[in-house]
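Before I ask anything, here is the structure I am working with.
By letter and in written order, the chains are A, B and C; residue numbering begins at 1 in each of them.
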Amino acid sequence: MNAPRPSSPAAAAALAPRHPEVWQRRTPAQSLVQWLWLAGCTLAALWSVSALDIEWSFLLDAHQQAADLAGRMWPPRWDYLPKIVGPLVETVHIATLGTMAAVVLALPVAFLAARNTTANGFTWAVGRALLVGSRSINTVIWGLLFVAIFGPGAVAGVFAVAARSVGFVAKLVAEAIEEVDPGQIEAVRATGAGTLQTWWVAILPQVMPVLIGTTIYRWDINVRESSVLGFVGAGGIGLYLYASINGFLWQQVLLILVAIGAIVLASEALSAWVRGRIS
Amino acid sequence: MSERSGTAAVTSAATAAAAEVGGGAPPLVVQGLGKTYGTGQKALAGVDLRIDTPQVVAIIGSSGAGKSTFIRCINRLVEPSTGSVRLHGLELTTLDRAGLRRARRRIGMIFQEFNLVERLSVMQNVLSGRLGAVSLWSSLRWRFPGEDIRAAFELLERVGLGGYHDRRADALSGGQQQRVGIARALMQRPELLLVDEPTASLDPKTSRQIMRLIRELAGERATPALVNIHDVALARTFADRIVGFQAGAVVFDGPPSALTDDALTLIYGAEDWTLGHTAEDADAAEAAA
Amino acid sequence: MTAQAQAPALPDPADWRPTGLFGSPRRRLVFWLVVAAYLVWAIGSLNVDWARVARGLPRALDILERMTPPAVGSKWQILVNGMVESVQMAIASSLFGMALAIPLGIAAARNLAPRPVYLAARGFIVVGRTFHEILIAIFFVKLFGFGAVAGLLTLTFSSAIFLGKMLAEDIENIQPGPLEAVRATGAGFGQVVMHAVAPQVVVKTLGVFIYRLDANLRHSTVVGIVGAGGIGATLSASFSRYDYDFASAILLTIAALVAFGEWFSDWARRRIR
C-alpha cells in the first residue's frame, strides 16, 4: 500500500470515518430499484410476446421465403412506369391539398387550445379535445371513415390527410402561442386595439415561423402517408400497389416501391431545404 | 422646420381634444382606488390623486409598494377592486369592453421591457399605436391613413430614429427600443401618458436620455405623464411633482424641492440618504446642462 | 439635433408598405397566385365526382348519427381481444426496437462509428424511414403469415429505425470533451460508450422511448388493416359491414387509450428530467 501509515492509533481513528473502504455508485436501495425496473421490463416483454400467437414454424423458413420473394421482384418492371405517373402525381396532390386544408383549420383550433387566447375553460377543453381526437387516429384509419362517407377516391384521401394533420400542426402552434411574451400582447391591448387586432399584430408574427415550419414538415410526412391511402380506397398509388400485390405481380410491386421511395425522398429533401432556408 | 410644425399641429390637436371631451374637467382624477387580490393580498389601499394641469408626475416607492399596480389600474390592465378613475371627466372603472377600448386609445403607455413586437419593423410597431382608430380589415392589411404614416415618420425623427423605420424591432438596442415605445405611445395622441419604469432595463446614461425625451415630448404636447420610477435622482431631476407610495397608499405628494430625507424615510423606510448623494447630484448637474 | 443631413429621404407616406413575410407586396401577390393556380390544377386533375361529394355531406351526418351512441353489444370480447393485442404489440415492439436501436444508433453516429459503418447505418435508416408501416407490414405478413407476429416485427423494425435515428442524433450532439477525455485514458470502445456517451444521452433517450411507446399504440392499430394483428382488422371489417356504432366504439377506445398514453408519456418524461 502506498498510503502513508498513520503515526498513532488515535490518528488512524481520526482518518477512518472520512471515507468508506469501498466506493459504490448507487446505494443498495437505488440498486434494488434499478433491478426491479429491469425485471419489470423483461417481464413485460415476455408477457407481450408469450400472449401473441407465434407460429414458430414460419420463422424457420422465413429467410428462404425472403430470398424467394427478392428473386421474384428483381428486376423492377420499368415499362409499367408510365401507367403509375398519374397516380403518383395524385398521391402528391392528396398530400398537398390535405396539408393546405389542415393549415387553414389549424389556426383557429390552435387559438382555441392555447390557454392565453381561449375564451374560457370550456372552449379550451374543446380545443384540446379536437387536438387529441385528430392526433390519436392514423391517417389511414381516417381514410376508412372518409371512404365510407365520400366513397372511394382522392376526396376521401384529402379529408383523411387533413383530419390527421390539423391536430399535429395546431398542437405545435398552440404551444408557440402560449409562449408568446405576454408583455407584447399587453402593450398592444393598452393602445385600445380589439382582440383580433391584438392577435394579428402581437401573436401571429411570433408564431409564423412555427406554423410554416410545422406545415412543411407535416407535408413531407403526408406524402409518405398518402402513398398507402389507396389500400383503403382513398386514392393515390396505394391502390395500384394493392392490386399488384394481390395479383402477385412482384416486379410491378418493386417498381411501385421504388417510385414511392423516390417521391418520399424528394419531398423530404425539399422540406428540409425549405425549412433550412426560412430559419 | 417641418418637425416643429408637425409637433405644433399635434399639440394644438391634443389641447383641442382635451377641451372638447371634458369641457373644463381635469385630465386625471383618482379617488379611493383600491386593489385586493383574491389571495387577500392588498396591493392598493385607497389612493387619491389629482392631476389638474399638464405635468410630469413621478411615482416613487419601494418594490411592492403598489406603484406598478396603480399605473395598471388606471387603464384597467389590472382591474381595480374599488374606487374611481376619471379621465377628463369620463369614469373609466365602469366602462364596458367597447368603451374601455375607446378610452385606452386616449391613454398612451410606455413599458419597462419596451414590449415591442419583436418580429415586426419599427414602423409597424409605431403604427400599432393607432390600431384602435382603424378598422379590423385595414389593420390586417396594415393600411393606415397617409396622415398617420406621416405622423409616424415625424415621431421617429423626433425621437432620434429617423431612417430606422424598416429595421426589425429586435435589431435595436435597449435605448432605441424604448424610443420606439415612446413613439408608439405618442402616436395615439394621448390625453395621458402612463409610464411604467421606463429606465429600469437601461444603463444610467441612456436612462437620462430617455427621461429627458419623455419630459420634452410631454411638454411639447401638453400631455400629463404619470411615471413610475425607482431612481430617486432621476425623479428629482425630470419631474414637476413627486408622489411617494408606501404599502399601497400615498404618503408624499409635492414638488421635488420638498423631498427631504425625512420624506424619503417615510416612503422607503430608514436609510442613510446622505450616502451616494454626491454622485447623484453630479449626474443631475450634468443632465441639467 | 437632427440626423436629417445623413438620413435617407423619407419615403412618401403613400408608398410605405410593411415588409412582412414576403419582403415585398409583389412577392406576396405572386405567392397567392401560385397557390390559386395550384388549387385549380390539383383539384381539376383529381377526377372528383362532385355529385358524390355533394351527397357526401348528408351522408356524413347520417353516418355520424349511426355512430352515436357507440355500441359494443355482444362484440365486447372481440374489441377487448383486439385492443389487448394492440397494446401487447406496442409494448413488445418498443422494447425490442429499443434493444436493436442501441447498436444501430451507435453505428449511425458520426463521432463514434468508422466512416463506412456510419454511412451504411445512415443509409439503412433512410431507406427504413421511406416506407410506410403498412408496406413493411405487408412484407412481414408475406414472410410470416397473418397474425400478430408480422405486426410485432413491423413495429419493432420501424421503432428501431426511429429510435436509432434519434439516438444517433443525440450521440452526435454530446459534448466532445468527455468523449475525448475517456478515449485519452486508453479505454476500449465499450467503455467509451458506457462512460462518456451513455451518461449524456440516457435521459433524453428514455424520454424518446416513452414517446415511442405511446406512438406505437397508434401504429399498432393500423397494421391490422393488412392482417398483421391488432384492432385494425376488426375496425376495417366493421366499416365494410356498415357496423358504424361498433366502429365508433373502437375509434373512441383507440382515442382514449392513445390520449391516456400521451398523458402518461408527458408525465413520465417530466418525472425523469
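A few remarks follow.
Convention: contacts are C-beta pairs under 8 Å (C-beta built on N, C-alpha and C of every residue); 3 or more make two chains touch, one makes a residue touch a chain.
Just so it is clear, the model here is predicted, and its values are computed rather than measured.
Ranked by distance of CA centroids from chain A, the top chain is B. Ranked by C-beta contact pairs, the top pair of chains is A-C. Chain A and chain C have CA centres that are 2 Å apart. Centre-to-centre separation between chain B and chain C, using Cα means, comes to 50 Å.
Chain A and chain B have centres, each the mean of its CA atoms, that are 49 Å apart. Residues of chain A found to touch two or more other chains are 208. Residue numbers of chain B whose C-beta contacts span two or more other chains: 120, 124. Residues of chain C touching chain B in their complex: 2-4, 6-8, 10, 13-14, 16-20.
On the chain A side of its complex with chain B, the touching residues are 181, 183-184, 186-194, 196-198, 200-202, 205-206, 208. Residues of chain B that touch chain A in their complex: 75, 77, 101-109, 111, 113, 115-120, 124, 128-132, 136, 139-140, 181, 184-185, 188.
Here chain B touches chain C in the complex through residues 3, 120-121, 123-124, 142, 146-147, 149-150, 153, 157, 160, 162-163, 165-166, going by the rule given at the top. Against chain A, in their complex, chain C makes its touches with residues 21, 35, 38-39, 42-43, 45-49, 52-53, 56, 59-60, 63, 84-85, 87-89, 91-92, 95-96, 126-127, 130-132, 134-135, 138, 142-145, 147-149, 152, 218-219, 221-222, 225-226, 229, 232, 235-236, 239, 242, 244, 247, 251, 254-255, 258-259, 262.
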